Amino acid sequence: MSLDALYQELILDHAKRRVGFGLAPEEGATASSHQRNPICGDEIEVRVRVDGDVVRDVTWEGAGCSISQASASMLAELVAKDPDGVVRELPRGEASVLVNHFREALRSRGTVLLDEDEFGDAAALSGVSKYTARVKCAMLAWVAFEDALSRA
Amino acid sequence: MSLDALYQELILDHAKRRVGFGLAPEEGATASSHQRNPICGDEIEVRVRVDGDVVRDVTWEGAGCSISQASASMLAELVAKDPDGVVRELPRGEASVLVNHFREALRSRGTVLLDEDEFGDAAALSGVSKYTARVKCAMLAWVAFEDALSRA
Amino acid sequence: MSSTTLDATALKADFPLLASHDGLVYLDSAATSQKPQAVIDAEVGFLTSANAAVHRGAHTLAAEATVLFEEARETVAGFVRAAPEQLVWTSGATAGLNLVAYSLGNASLGRGAPASARFALRPGDELVVTETEHHANLIPWQELAARTGAVLRHIPVRDDGTLDLDGAAEIIGARTRVVAFPHVSNVLGIVNPVAALVALARDAGALTVLDACQSAPHVPLDLPALDVDLAVFSGHKMLGPYAIGGLYGRGDVLEALPPFLTGGSMITTVTLDEAEYLPPPQRFEAGTQPVSQAIGLAAAVRYLDGIGMDAVHAHETALEQRMRAGLREIPGIRLLGDADGAERVALCAFEVDGVHAHDAGQFLDARGIAVRVGHHCAQPLHRRFGMTASVRASAALYNSASDVDAFLDAVSGIRSFFGVAR
Amino acid sequence: MSSTTLDATALKADFPLLASHDGLVYLDSAATSQKPQAVIDAEVGFLTSANAAVHRGAHTLAAEATVLFEEARETVAGFVRAAPEQLVWTSGATAGLNLVAYSLGNASLGRGAPASARFALRPGDELVVTETEHHANLIPWQELAARTGAVLRHIPVRDDGTLDLDGAAEIIGARTRVVAFPHVSNVLGIVNPVAALVALARDAGALTVLDACQSAPHVPLDLPALDVDLAVFSGHKMLGPYAIGGLYGRGDVLEALPPFLTGGSMITTVTLDEAEYLPPPQRFEAGTQPVSQAIGLAAAVRYLDGIGMDAVHAHETALEQRMRAGLREIPGIRLLGDADGAERVALCAFEVDGVHAHDAGQFLDARGIAVRVGHHCAQPLHRRFGMTASVRASAALYNSASDVDAFLDAVSGIRSFFGVAR
């Protein structure tokens, strides 16, 4: 696989745009999770706001490589806002399924691809699964999201 | 080398006769040394009596393999009694030289032989030096002797 | 034996040292085993094609090496029916037992997470081992007792080599915090009653530590089913490389134990003044790990599983019976712990009347038979049986019935050579 | 360089991994080195022709194995100009540093011979390390401090990567009991002023512990001449196998330290209740040792000595200068600890402005260049320089000037690929 397939435009672009960057104020049913990648020391804080059964908002802060930053951005967009900024209403149950599918694909060493209909821009992260050392980078925000959700 | 060359008649014989076996009572300038072989747990106690510059008596007690028992017996005979039971008068300095030569030959892996004129029956232990794992057995009494002498 | 038979003579061809030493009867596998070509190839293959630092690099080689290393963990964990995260790499059984003892010592000094407090030892607490221990499962507990004020107690062994379970029931009680014992003693060869000891320990709320060094290469092992809290084994005794071993632990136990060795790759955040630790197994794996050795050990257990541990056990049981029956017939031989009908591995330790163990071993060696002589790192056990040293013959899957026969034939000549046979 | 030149391109043929990975530029030797065929052959040769338990058996194989094992000790000790009995085998540098820290902890708890008492730590005693430590030479001391009530202090590092010796002189004083520091930091690559630090420690009556991991493979080492009390190194970083390392100690220091790991082969007499210990080095070598690995490490240092450490050092110094000069020219590169004129090994760690280290490493990897990215087990040092991760390129004797050029060429393309170059 070439480097360009790993670092697709979409990824480099999200790494710069950083959708959802900046933690929203704590209000309503909010929960956060802080995760670290012990190899590089990168950290992320992800905050979710839920409203009954529905995930309303995902925001985050942290520094890291372009894969981890893009992944957080894509997650925030996918879960909380569609590309036109319209707010989504993802049920909690579906959010967990989403994380599980994402994990499965990323751990598959390239054998399971992320579906574009299900994952939107995040589908561009499929290529990461062939780089086993980078899977943690792409997973970091999703693990934080899952953890925050479990506590919200 | 054959087993018979290692276990010469003389060795098996000394292992049974055990010249000097049974510690002499502590009297005059006496000193003892207790040594152990950590591999097999064998122990020996060697006692020397010196008189001014002269080694008068070497006695020992302990259990062990035939090499270690024969070696102790040969040492006692060599230092303190000649084969006819006549008492020797070995000066301390010569005793140390003797131990050093013995050590050198035993550690030589068969390249240095023990001289019969110098070592008497103990010269039969030359063959042990090819069996690196048994060198400790043959050395045990001599190390105890050297140590006791240094304290007498 | 039926479908589980194996052909040891054919197997020898897989072991380059045995194949190239014609006439060698290697009966010292309890000390260290020989290695099949598959183990050597796996390690050399790794070193020449994928060698790189694991869990640290992002470059291709490093990522490949990490995958191979973690696959090895899965394989070796699977061999003892454990989950990968229940297997900690160590440098051997001795290191694994010290890890446990020091970790408990650290808990006693208030180190570790709040959950570690349940392992803290106080003066008067009791640690229990058996009279049959290898020094590796004895001295670390002596030292732990000395450091914490705990008291070390010993389950007695009977004359026939079986553990005195009545004695155990009296010794293990409310004060007992740890019960550590061998699955199989390296001198007696008897498979100890794990379930009975674990039941006593559980009732007392004590931690169980199993020394599985001498069972792992010989009997099918299911550590979770044995229900012990912790267990150790050594790679070099089970066809694998030197310098690697495993510590198995139940999830909740490993989770609560404080770290032992500290350094790189076992932390999340480190400041100049303190460090936060990763979960198990990494918490216990400080520094560069035995990477090629893990891969070699995985090849070793794959080799064993390829033959089948049931077949290995059946074959070795037959060897054991032949050896014991033969030794019982030879005048002047005294077997240590010669219980009838005990479940055993293929290992016999014995004295030769009138001949020191060292001399007996030398005689056997001259006939091409490699056995071990000495106290086999079990001085208290030898003292218990009134001796300082013994001769030990221990077989493995690559030994054949004819190896045993050659051994017996040679043993029967020892006493006359040394002039003590009448 | 004159008579001390070496031909790295020819040398590569000795390293099967490098020879078979065409186009690989391996610049991650500070993490782990590649192994020459001679090392693999030595280990395989031992396993296939002489493998047996050492220091334990009387049979021929065991005696042969013991001789080879002890010859390996002589060889490796000789490489650092030490006597064989001053070299203790460990499973690596991390294990060696933990050995020292735990041994001091044991002395503090009253363990060991009467002579051990001089090492006992009391609350308020001070342990001194540097701000540049690898976690392996930091966390064991943090834990020792926590266990004993001692205080851990840190010698600061200057912006240019050199140690602040004025700061050291203020910190090291009457309360100082231990001064532990790296010969060469694994991030800065600068050879630290050992003599100055040892002098300060001696004046204070403190024990000195040298982490020689990153110097042993690269500069001629004479540990007795450096006059440190203790020093550690790792086999896998110096062309040798994994799972082996060395702890060097002055005779009187090793003699007085209590044991750390306990078990077989380090004792004289053991009863159920207590044990008496052998003198060094055996006192510190509990259990089955890394036998084949010791023999492999001996082959590694023979290989290095065959080339000559002066030639190795000269070659690597040239590489270092080329690398550093090249990196200084590339816009957007920030070198860590870029002191002018410092004595160094061939190691450069740097940040790429606007590009995360992981991304930079991935980019280099795609061009066949293997470097390490991350904190390199030195989080406090990275924090000190205001970053969490860096890219580290580290060379060894098998790297050539053209490796360095390929690396520099690739580095100069990083920022434009990630769209941050202007």
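In order of appearance the chains are A, B, C and D, and numbering begins at 1 in each one.
Assume contacts are C-beta pairs under 8 Å (C-beta built on N, C-alpha and C of every residue); 3 or more make two chains touch, one makes a residue touch a chain.
Protein identities per chain, from UniProt: A, B = SUF system NifU family Fe-S cluster assembly protein; C, D = cysteine desulfurase.
This structure is a prediction, so every number in the text was calculated from the model and none was measured.
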| item | value |
| --- | --- |
| By number of C-beta contact pairs, the top two chains | C-D |
| Label of the chain whose CA centroid is most distant from the centroid of subunit D (cysteine desulfurase) | B |
| Approximate Å spacing (C-alpha centroids) for the pair subunit A, subunit D (cysteine desulfurase) | 39 |
| Whole-Å gap between the CA centroids of subunit C (cysteine desulfurase) and subunit D (cysteine desulfurase) | 31 |
| Distance between the centres, which are taken as Cα means, of subunit B and subunit A, whole angstrom | 79 |
| Multi-partner residues of subunit A (at least 2 other chains) | 39, 41, 131, 134 |
| Multi-chain contact residues (two or more partners), subunit D (cysteine desulfurase) | 56-59, 62, 265, 267, 269, 358, 362, 373-374, 379 |
| Interfacial residue positions of subunit B with respect to subunit C (cysteine desulfurase) in the complex | 2-3, 6-7, 12, 39-42, 63-67, 131, 134, 137 |
| Footprint of subunit D (cysteine desulfurase) on subunit B - complex, ascending | 36, 38-39, 41, 131-134 |
| Subunit B partner contacts - residues on subunit C (cysteine desulfurase) that touch it in the complex | 356-359, 362-363, 366, 373-375, 379, 382, 388-389, 417-419 |
| Sites on subunit D (cysteine desulfurase) touched by subunit C (cysteine desulfurase) in the complex | 16-17, 20-21, 24, 26, 28, 31-32, 34-35, 40, 44, 47-53, 56-62, 91-95, 97-98, 102, 106, 109, 111, 131, 134-136, 138-140, 142-143, 146-147, 152, 154, 234, 236, 241-244, 259-265, 267, 269-275, 286-293, 358, 361-362, 364-365, 369-374, 377, 379-380, 383 |
| Complex contacts: residues of subunit D (cysteine desulfurase) adjacent to subunit B | 55-59, 62-63, 66-67, 265, 267-269, 278 |
